[in-house]
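Two complexes, one shared chain (chain A), two partners (chain B, chain C).
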Partner chain A sequence: MKELLKILHEIKPDVNFEGRTDLFSSGDLDSMNIIMLVSEINDEFDVDIKVPDIIPENFNSTENIMKLIKKLQDEEI
Partner chain B sequence: MNYTTIVFLFFLLATGVLYFSAPKKIQWGVLLAASMFFYILSCGVKTAFLLAAATVIYTGALIIQTIEDKFAIRKKELEKNQRKELRKKAERKKKIIAAASIILMILMIFSTKYFNFFGSIINQAMSASGIGHPIPVLKILMPLGISYYTLMGISYITDVYRKTITAERNPLMLLLFLCYFPHIIEGPFDRYAPLSNQFRQSHRPDYDRIKNGGIRLVWGLFKKFVIADRAGLIVNTVFSHEDMYSGSVFIIAILLYTLQIYTEFSGCMDMVCGTSQMFGITISENFKRPFFSRSINEFWRRWHITLGEWLKDYVFYPVSLSGHFKKINEKIRKHINSKYLLALIPSAYALFFVWFCNGLWHGASIKYIFYGLYYYILMMMGQAAKPLSDKCLAKLHVSRNSHGYHIFEVIRTCIIVCFGMMIFRSGSLSQACSVFTGIFANFNISQIFSGALMVKGIHIWDYFILAISFMLLLTISYLQEKGMNIRETLSKQIIPIRWTIYIILLFSIIIFGAYGGNFANTTFIYGEF
Partner chain C sequence: MKNILEYLEKTAEKNPHKIGFTDEKREVSFLQLMNNSKKIAGSLKSLSKNSPVAIMIERSVECIESMFAAVYAGCFYTVIDIHSPLSRINEIFQALKPGAVITDNDSLSIAGQLKYLSEEDSENIQLILYEEAVKDHIDNKFLSRARLYMIDSDPLYVLFTSGSSGTPKGTVLSHRSVINYIEWVSEEFSFSQTTIFGSQTPLYFSMSVTDLFSTLKCGGTYTLIPKMMFSFPVKLIEYMNSRQINTIYWVPSALAIASNWNLFQYEKLMYIEKVLFAGEVMPVKHLNYWIRFLPKCVYANLFGPTETTDICTFYVIDREFKDDEQLPIGKPCNNCDVFLLTEDGRMAAPGEEGEIAVRGSFLASGYYNDPEKTEAAFPQNPLNKSYPERIYKTGDLARLNEKGEYIYISRKDFQIKRMGYRIELGEIEAAAISLKGIKSAAAVCDSESGRILLICEGKVKEPEQISETLKKKIPSYMLPDEIIKIKVMPYNANGKIDRAKLKKYITTDRKMR
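Right, the complex of A and B next:
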């Protein structure tokens, strides 16, 4: 979670991410931020986030982003 | 058939009676029959294009689904490595089918909407090198709604490919999704899953739902007949006699055109959402009071919302997550250390495709491509200048959250949008340039007061109606922006007050609507795309 928060703060230094459940829907993370975030997460966590994964449910909170990362890391073919 | 005709009203009544008296299971069948009747009546033999598109995406999606289903069965018997190999093969096959289907869809729209445009560009290039004009000019009229059902078809097949939905087994249900009469002329771009789920449900007549849908339909008619068509007559006269008018008159015409296109397009959306609501089917919203936006990014999240969403999901994200884009990003990272440029350059690359497609979707003309790129350039300039503007605001002790700055941003966005509308309305890019230069070179404000705006068919009375209607629209939009649900508030009033308002609204369309004479034969601007 620490690594994720670091990435998020680098992309959006003025947003408080903790406890939030509307990061994507509120527009605090816009589509360009999402792309930067996805690129950083792919590098940092060695996963491959694909277009269908980019939905509000997956990016609305830091917990859900972590869940997505975990799911992709564990994903069975 | 147009949504604003008496024929449509009778069509709606007949469809409603049949729909609500039909057995639950075949209600969607009534909608399909009505939609096909509406389409064939409006489009005639060109319905063949719609049927061809439906066949292509139905077949393509079904093949993709079959490949996916077969893989799901076979993978259970295989080891991890074998599964990986099989997955790769299945993905490759799916990609080929999805790409072939999308290319076929694009070819259909290209042959009717873009062939002559690209042909003329090639001919001009060939002619400059002395080869002549090898590309013939085709006399094909664009089938109604092709820009809408093509994009909805592409979104459907892509979603099946991405496994976010499963392919529809019933071809008639898919056909209904494509040709559903409330969204076939001007959109919105609906997505398959939410709409097909609603089609399958049973819908009994509900007084409140039908009444609320009806009020929204009437409000849309008010916007179209009382505001848009009246403003349109003035705008058309000014833009078709460019040499006669000064810059000051053009500024009024551009403001009126912005009002016209907003009330016409959002009015049409009110009509179609209201109509669909009466049948118990909720379609996507396309507007969210765009003129309260603080930036052009926000404007495009509130104006033609479903087009923006479509471009985001099917152009922006695929480009941004493509292998090609990743390679470019890696190269940039190797050579550039600046965080500012590392954020700016990838945005500039990915957003270019979005805005190019946005412009091209609107029409086969250099003017529309420029219209899309106008917003692209301004957005990139805004992003590039953000650090500088932050510094300036800090020096001036201006807070971005202050009320004054908020108002400044809203006005700035409105001005940018109005200039965009000037490009949109002009007959060509050269006319847009001459109108733009004319505003500064020949402003001549006295022409406004010498009666230049009293064009044929327009009386001072029309300006008065426009001003009152605009104030009403602004007040309602402001209240909605503050969170008020107008129809819910109205429904809480006592019956005499409530029905007096409904009747005034209805009669204001009949009395103040712009019909007949010079107002005759007005169509929907977005219906032509």
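Right, the complex of A and C next:
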């Protein structure tokens, strides 16, 4: 989670993301940010997020992003 | 025909209850849209003819209703990007000096923060709330009086673009220009009642004119695709399918989302028939991805600046192109003349390079409150010594190919000379984008050092490797001095690559890398 918050902080330094469930619906993150976010997560967590996973449900809260990462990491093994 | 509202009125008469405009929350018929606009217009009674009305409402059906309300009142509109910095909105207000602002409950707080509105003389500026104004009754007497004195050269809207100097420049477009343009575009691409547009472009961007006014004329449907959909490609496709969108006119960067995510492997577009694009150079690699999955669609590359309403030349894709080839910008639109001027003011010979100049009814009237810039960009036609005739000099360079099609070269100020060689930054970009793994590329020239920098986004290897493969594509004198890999290309509000921002990144900080 720490790493994820760090990534989010780098993308948008002026927003507090902790515990939020409206990252995209609030407008704090936009279509350019998601490309960056996905690319950073792929690098940092060594996963490969594919387009079917890029849905609001997976990305609107930090918890759900972490769940997605875990799921992808488990699939790798 | 002299007024754009005639399109709306004819369509509303013919097909009053057909849904014409939809966004995420609302859908309205042509009749509803017309009536709502007429109601709101009542709040603008005190404005004199041809007064500017600023619209500060999020991209929505409400925004469109407010735009036409201004026109019904005998005024013209400017749509403000409410997400742009306050300082920029203030600058636009300084240049525009609006007589009224139409806003809604959601955006009221932004309007309230504007310096321009809190200044002393602001008592003369009306702040109109959409939710209140739309409850008004229709005052037909006022509306017919306002219409009586309107002529087709009256302004319809003023659209602000950021000039190279950074201060916003307001391009004035008349009813006549938009009518002439819409007659061409709707005829050329056979837009009809069955055309369902999926609109990507903001309403303060010239490209939105095509989908919006073609819908008004032809009685199709204008569907605003929420910006958030472009973050979630699968949702985008679902949205487009659920609304049965069959025609899109997007910036290439938005079309590239499909190829960059390999989207069509997972989801299919069910209804799409026409794919038009403009606003920046379309990398053939991305186009070929679309053609591979949707071979039956009509694809067309449109070219033009805000100053020619939207478009002045077009090319309907009629042959195959390789990934590293360039699409022509084609031939002039009907009723629009395009020619190439050389530095010394003569017509370029076939194959010779020249600046694209445009003449005819598509042309804007000039820049609002800015006679100097108007004079510089809209001079007398140097080829016509006999009578006054203004042309628009686009600042873009092109040449004719052997097929008689215009080939875009670059912005005039993009072209640089190094060691006697003329270098096109656009050519470097085209070569870079055609490389495997590169999602997006932009070449910029650092004006101080004269160095050429190539900024790439993509799953690429090391910059050195890009350089190696580039050597096979372009002559060595064109090779960039430095290749910078960034995580994500910056885009502006219209969805195009933000070159001003890129330059800032590479000169001030390189955090983006």
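We take it that the second predicted complex is superposed on the first by the 75 of 77 C-alpha atoms of A that agree within 3 Å, B and C clash if a C-alpha of one lies under 4 Å from a C-alpha of the other, contacts with A are read in each partner's own complex, and residues count from 1 in each chain.
The rule we apply is simple: a residue touches a chain if its C-beta (ideal position, glycine included) is under 8 Å from a C-beta of that chain, and two chains touch if they have at least 3 such contacts.
Being a predicted model, the structure only gives us computed values, none of them experimental.
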I want to verify the contact counts: of chain B and chain C, which reaches more residues of chain A? C
In the overlaid three-chain picture, which partner chain does A:Ser25 touch, first (chain B) or second (chain C), both, or neither? second
So, A:Ile49: does it touch chain B (first), chain C (second), both, or neither? first
Could you say whether A:Ile35 touches chain B, chain C, both of them, or neither, answering first, second, both or neither? both
For A:Met1 in the superposed arrangement: first (chain B), second (chain C), both or neither? neither
Common ground on chain A, meaning residues reached by chain C in one complex and by chain B in the other: 30-32, 35-36, 39, 50-52, 54
Going by the contact rule at the top, pick out the chain C residues touching chain A in the complex. 227-228, 230-235, 257, 260-263, 265-267, 487-488, 490-491
Residue set of chain B touching chain A in the complex reads 75, 80, 83-84, 87, 162-164, 297, 301, 312-313, 316-318, 320-321, 326, 329, 343, 346-347, 350-351
In their shared complex, chain C is touched by residues of chain A numbered 24-25, 29-36, 39-40, 50-52, 54-56, 59
Contact set on chain A toward chain B in their complex: 27, 30-32, 35-36, 38-39, 49-52, 54, 77
